[in-house]
Structures are given as structure tokens and as C-alpha cells.
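Letters A, B and C name the chains as they come in the text, with residue numbers starting at 1 for each one.
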Amino acid sequence: MNKYQNNNRHFFDKMWRFLFRLTGGVSVVLLVGIFIFLAVNASRILGSISLGEFLFGAVWNPTSYHEPLWGTLSLVYGTFIISALALIIALPLGLGTAVYLSEIAPRAVKEFLKPMVEMIASIPSVVLGLIGLLFLAPVIARMFGLSNGLNALTAAILVAFTALPTISSISEDALSSVSPRLREASYALGASQWETIWRVSVPAALSGIVASVMLGFGRIIGETMIVLMVAGNSLAWPRSPLSPVRPMTATIAIEIKEVVVNSLHWHALFAVGLLLFLITFLLNIFVDFWLKKKSI
Amino acid sequence: MDTVIAVKNLNVWYNHSVHAVKNVSIDIPRHTVVALIGPSGCGKSTFLRSLNRLLDTMENTNIEGEVIFNGKNIYHGDVDVTALRKQIGMVFQNPTPFPKSIYDNIAYGPLVNNEVGGYWGLSGIIKKFKKRKSASEVEASKDKLDGIVRESLKEAALWGEVKDRLFKSAYGLSGGQQQRLCIARAIAVKPEVILLDEPTSDLDPMATKKIEELVLKLKDSYTVIIVTHNIQQASRISDYVAFFHLGELVEYDTKKNIFTNPRHQLTAAYVKGEFG
Amino acid sequence: MLKKSETIGFFCIKASAYAGILLLLAALALIGLAGYRVISWQFLTGLWQHQDIAAGGIWPAILGSFYLGVGVTLCSFPLGIGAAIYLTEYGRQNFWRRSIEVAIRNLAGVPSVVYGLFGLGVFVYLMRLGTSLLAAVLTLSAMTLPWIITAAVEALQAVPPALRESSLALGATKWQTIKQVALPLVLPASLTGGIVGIARAMGETAPIIMVGATFYLTKLPTSPLDKFMALPYHSFILATQHSDPRAVEYASGTALVLIVLVFILSLGAIILRYYFRSKYKIQ
């Protein structure tokens, strides 16, 4: 090897190192920048709106003629109602699917069903919203005698579908990684398959299952299009799952187009966005630590 | 000789092509320790799993022949498999404690076999919380489940070491203790036969010794069939030895005969350590 | 010899597994039924006419979504893979690197509206790009980056250190090691992860509502700074805000085209994954 080849190699090495540093840096800056940007814009409300009113005020009415109100509690409550309902629906369906795929289904069926469940995850939420508008809302309206079916329940049913693949595939991964010896030990003691599933496999995979539920919950909280289309968009405090509702995500999407740039309303919406960001981000980080702790 | 299990012409295939167990016939005498020896991959573990129908849980296995347990062929159509498995227990190579407390590990067998009632549902959960007793309370308790846990742990020579941490996770025990826990768990349902699949291959010599002592004690109340890679272990604890090679039962005799005067040349070569 | 309660239990489990899938397939079929009548060559290739929605077509929306997809691929792939390589190969194993990795992995869970807000503030206003194709591409790329980075980082970390050490021990430089050893193992995972991310990005509506999608376009976008139409947004507006009674049918038709597109991509990703898995299993 002559000395020219040597120099070339090291030059390329240095060049690529620089390039990778650059791309790495840009990505990191971008992603950290989201938080900073939101925080900076959100903080601009601090002069005019008290933190107490923002977080705990019950009414959100920025365009009110008399006195604009900035309470996000009804928005948070709206997000909460839809999310809780959706989770109640998605959890048994998702867990049932996971148990079926990992413990019961024959291999051929599993190879076919598993990708199908993943495909559910790729359905655009606007399509789910359309399904809601066209088919689910009228059914709900007829079932409960309402004028239209645009309410929290309708939205929750559809939103559950966005979380179902998450819960199902992560739980299934967790169940599949339980050592088969554990199951065999249970059978060897005379337990049936049903008993083994619920008394041995599921408890052994519990940390993964819980993580899947939390991640699914994060996905549910952040859903925008479905709620925009079928949740009803009312700012009134929801009285029941059959009330129309407007969660945080829909509020941002609807109002941001009508708002004057850099006005107080504009910054307030960024504050709502920051709230949303913090909730989901912290939820995800918590799941990360939870999983890491349990993996020993 | 009182036979507890009589195997007649047993054949097992994997995936329709691999003939893992070839026409094996063997009589297991009651209250003895029978060691199954032979090089790895020769069908010993498969054979063992066919004795408590654990092979049923593996896909693509074909079984022909009979396994007569207490006068009845266990592969007959109307045999209750879960009840059978209660009578023929099994302990595996890697210790497999359930992710539960030590107490709950032992209690699992009796619970799923409905030997103790009242532990399902809400009343079960309440009882579970009330159950955190101290060692002396469990020692003196007249409750049936407490009694089972206590006696099983004592029989497995583990009571002294774990009595003060009965309600802590089983994963806190050492490998050897976990394995003895698995044995205690298996005897908690009072089987007639205990199958051991290389129970000490993952353990250090001290733990191995403890388990071998345990096996010798267990022979009084149970019949033990143990698969082992360790020829010295077989010579230490067994009464009868069966030598398997490539799925066939080559020779089956008393320990003395197998080690000092084997009939087959293959057997002689194996016990001398010439292969395996 | 199952207990009766167990039989019921198993039935419930099986039912729940199939219920979700079947319900969804049924719903999609219904959308198909609702919208298939509007699908025609003209619908797919014509320009949009506001006055009479039956006369025009959704070609601008298809083109717009296509531009978005290509743009997001071009932006996020190099940046994402580069960042993943930087993080795993060059970064020091310290607190900062680990927290960055955690942060990136968890940014994938942040709602798309939040990315929309970010894109609005930074790309549309701060960088003066206005509501445009470029702003939307950048916003959606930001959204896709965490996916690609996480998939690539996982793949890189799965490379056995012995492989890398063997290369370095033979005198290769770091870059050569990466090129010959790590990259071939990383690309499959990043590819599949990336395709999934892009399928997601093309199906997203909320962020593009905020940064550049429009319904009222008379000509096709010619520069990245133009406004553009996109399939999900188009369907959304037709379904919720259009006054023509046939609008819902056209919304379904548009949705149908979008679903087909997204499914083709997802299917492609799944097939790719199987292909790579079988290719590397022999190793």
C-alpha cells in the first residue's frame, strides 16, 4: 500500500465523519427545536393569561365578544372522555387479538392475520373519520335517538381502531417472548391451556402489555382527524359520552386557521399544543423507563 | 416388580420425517430411580415428554404405540390429559419458576387442579392479601393450602431456606434453589411419577449435590425418571439405567450391570466415555 | 375435555381477534361501495372544477400527495440514516447520547397536530416559506424522522460488535467499516421503517391543513413554494364542508384512491420485510 492510498482513505473517513455529524446535528436540533419553539411561543401568553386560568379554567372561548376565556379544562376533559372510552374499547380487543395470535392461532393463520392487523395501522385517520360520518354516526343516532351521531362515543369507537394495532402487536411481541418452558411447566402440573394463558403467560408478559396500553393511549390522545369529523365540535362541557365534544387536538386544528398571527389567541393555541406535547412526550418517556426497569 | 409405567412399542416422529423415538419398550418399576442416558439428540427428552403427553403441545408430532400407566393406555381417546399430568409431574432443565411469589408457585398446582377451593374470583383476591403470614403462622396453620405448601417445601429440603420469604418473588432465589422450588412445586400435587429432564445441567456442583440427595429421598414416595447427560450422576443416584442411542433403546438393566457388565458394545463404549 | 367456561372464553378471544379486522374490512368495503361510482379515467386525471364537481378530477390531489411522498423521502431518509449512524457509530456513550436517543424515540409518539403547529411557526412564518409544498414537505419530514432514526438505530445496534471489530482489526477505517459491514444490515430495516413512515405521512391531514394544503387550486403546483392539493385534505373538505349533495360520494371516491395508495405502500413494506428476513436468515 503506497502512501497516496493511505491518505485517500483517511480523507474519506474524515469527510464522512463530518457529514454524519452534520446530518446528526440537524436532526437533533430539529427535534429538540420543536419543544423549544413551542415553549417560547406558548410562554408569550404569560403576560396576559394566568397559568391558573389556563390550566384550570373551565371555559374556552377566545372569540367571545365580552371577555375572552382561556380555560383549557373543558378541552382536556374532552380529550380525556374520548381517550378513556377508546381505551376501554381498544384494550380488550387488542389484548384478545394478541392472545389469540400468540397462544392459540395455528401458524398459518397467524402469518396471515398479523400483517392484516398491521395494515389497520396504516389506514389514514381521515378515512376512519369518513367511515364514521357515513356509517357509524347515523347508526349511533338511531340507536340512542339523537339528532345526529356526532359525539364522543362515535369518535371513541373509531379512535379505538387506531390504537388496536399498537396494543395488539406490542402485546403479542411480549407474549411471544415468554419462555416456552414456563408454559410447559404449567401444563406439566395439569393446568389447561386457558389457565396457563391467564395465570402464567399473561402475568409473565405483563410489563410489555402495560407498555403497549400506554403507547396506545398516547396514540389515542393525539388523534385529530377523527375527532374533527365526528366528535361534534361543541365547546360546552360534555355531560355524557353522547355529548358532542371538542378535544385539544381538534381545537388547535380548527382555530389556528382563523387566528391572527402572533395574536394572544395564536400564542394560546401554541400553549395548548405545548400541553399536548408534554402529555404525550412524558407518557412515552415513562413507558421507556418502565420497560427498561422491567427488562431485567 | 411392581410396574408403574409400561411403555410398549413407542414411536415418535417430528414433522412426518424425523423418527425421534424408535420402537421403545420399557417397564418402569415403582419407587425406583430410572436414569435415561445417551448422547445428546438421541431422543431421551422426546421420550420423556411422551410419558406425560406433553408432546401434545408441540406441532407436527406423530405418536404410535402405548404407554400404560396404572393399567390404562394414556393415549387412549377418553383420557383426561390435565388429570394425567397431575399424576405424572415434570421438572425441566432450566429452572422455570413462575413470575409469582414462592408461596404462589407451590400453590399453583393445587389451585388449578381444584384441590383447594375458593381461590378464584373476588374472594380469591381477598384471601390472597390476607395470606401474607409469617413463617411461624404458616408452620402452625391448619389451612389446607398452607399445609400443602409447607409440606412440599419441607420434602424438597427448601423450607428452612425460604420460610422467611415465602411471599417474595421466586426470582430472588439462586438457580439451585429455584430448581428445588420447581421440584417442590411438582410434588405439591402428589404425583405418582416425577420426570426430571436434565435438572442439574445448569447448576453448580454444590446445588447439583443437593438435588441428587433430594432425588434419593424422593424415591420413597414417588417413582423418578431422570434424563441425564452426566454418567457419574446416573451411577450415583439411579437404580436402573436405560441407554438410548439415535432414538433406540439399546440396553436397559440395573445400574450395576450397565456400568460393570454391559451386554452391548455401544453401551460399554458410552459409559467409558468414549463418545457422547 | 375443556370446561364449559373455557370454551366460551376461547370463543370470546377468537371473536375479538377477528372482530376488529372484519369490522374494518367491512367498513372499507362500504367506503368502496359509496365511492366507486365516481372513479373514472377523468376522475383520476382531470383537473379539479369547483363549479361542478362531477366534471373535474382529482389529479392535482394525486400529484400533490405524490410530490409530498417524494419530498419527504428525499428529506428524511438521508437525514434520518445519517443521524442514526452518527448516534450509534460516532457518538460517545454518555448521558447526552442516551437522552437524545430516548428523546428521538419518543418524539414518534407526539401528535401530528403538534408537528403542524411547529411547521406553521417555523417553516411557514419564521423561515418565510409561506403555506407551500416545501413547508409541508419539511413538516412531514420532521414527523417521519423519528421513525426512520429509531428503525435505523435499532438495526445498527443489532449488528454484533464482533463484526465491526473484525473489520477494524483488519485495518479498515471507520467509514469503510460502516459502509461494508453496518450499512448492508441497516438498509433493510430503515427501508421498511421508512416506507411505513411515508405511508403514514401521506395519509396525514392535520399537519397539512395547517401548512399549505388547499382546496381551491386552479393550476398544478409548479414550484415548491406553491400551494398544493392533497388527497386526504381533499377528501376531508368534500366530506365536511362542501355543499353539493354529491360531495360525499366524491369524498368516498377520493378516500378510496388514498386507501389504495397507502395499502400498496404498506403491502410493499411488508413484502420487503419478508424478503430481507429470508435473505439474511441464512447468515
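Some points to look at:
Please note the rule applied: a contact is a pair of C-beta atoms (placed from the backbone, for glycine too) under 8 Å apart; a residue touches a chain by one contact, two chains touch by 3 or more.
Treat the numbers as computed from the prediction; the structure is a model and nothing was measured.
Farthest chain from chain B (centres taken as the mean of C-alpha atoms): C. Of all chain pairs in this entry, the one linked by the most C-beta contacts is A-C.
A comparison of C-alpha centroids places A closest to the centre of the full protein. Chain centres here are Cα averages; for chain A and chain C they lie 16 Å apart. Chain geometry summary: the mean Cα position of chain B and that of chain C are 53 Å apart.
Distance between chain centres (mean CA atoms), chain A to chain B: 47 Å. Shown for chain A are the residues that touch two or more other chains, namely 192.
Chain contacts: chain B has residues 82 touching two or more partner chains.
The residues of chain C never reach two or more other chains; the list is empty.
Within the complex formed with chain A, the residues of chain B that make contact are 52, 54, 57, 59, 82-86, 89-92, 94, 96, 98-100, 108-109, 112-113, 182, 185-186, 189, 195.
Listing the residues of chain A that touch chain B in their complex gives 106-107, 179, 181-192, 195, 199-200, 203-204, 206. Here chain C touches chain A in the complex through residues 2-3, 6, 9-10, 12-17, 19-21, 24, 27-28, 30-31, 34, 78-83, 85-87, 89-91, 100, 102-118, 120-122, 125, 142, 145-146, 149, 173-176, 178, 196, 199-200, 202-206, 209-210, 232-233, 235-236, 239-240, 248, 251-252, 255, 258-259, 262-263, 265-267, 270, going by the rule given at the top. Put simply, chain A touches chain C in their complex at residues 9-10, 12-13, 16-17, 19-28, 30-34, 37-38, 41, 92-94, 96-97, 99-101, 104-105, 113, 115-120, 122-127, 129-131, 133-135, 161, 164, 168, 192-194, 215, 218-219, 221-225, 228-229, 249, 252-253, 256-257, 261, 269-270, 273, 276-277, 280-281, 283-285, 288.
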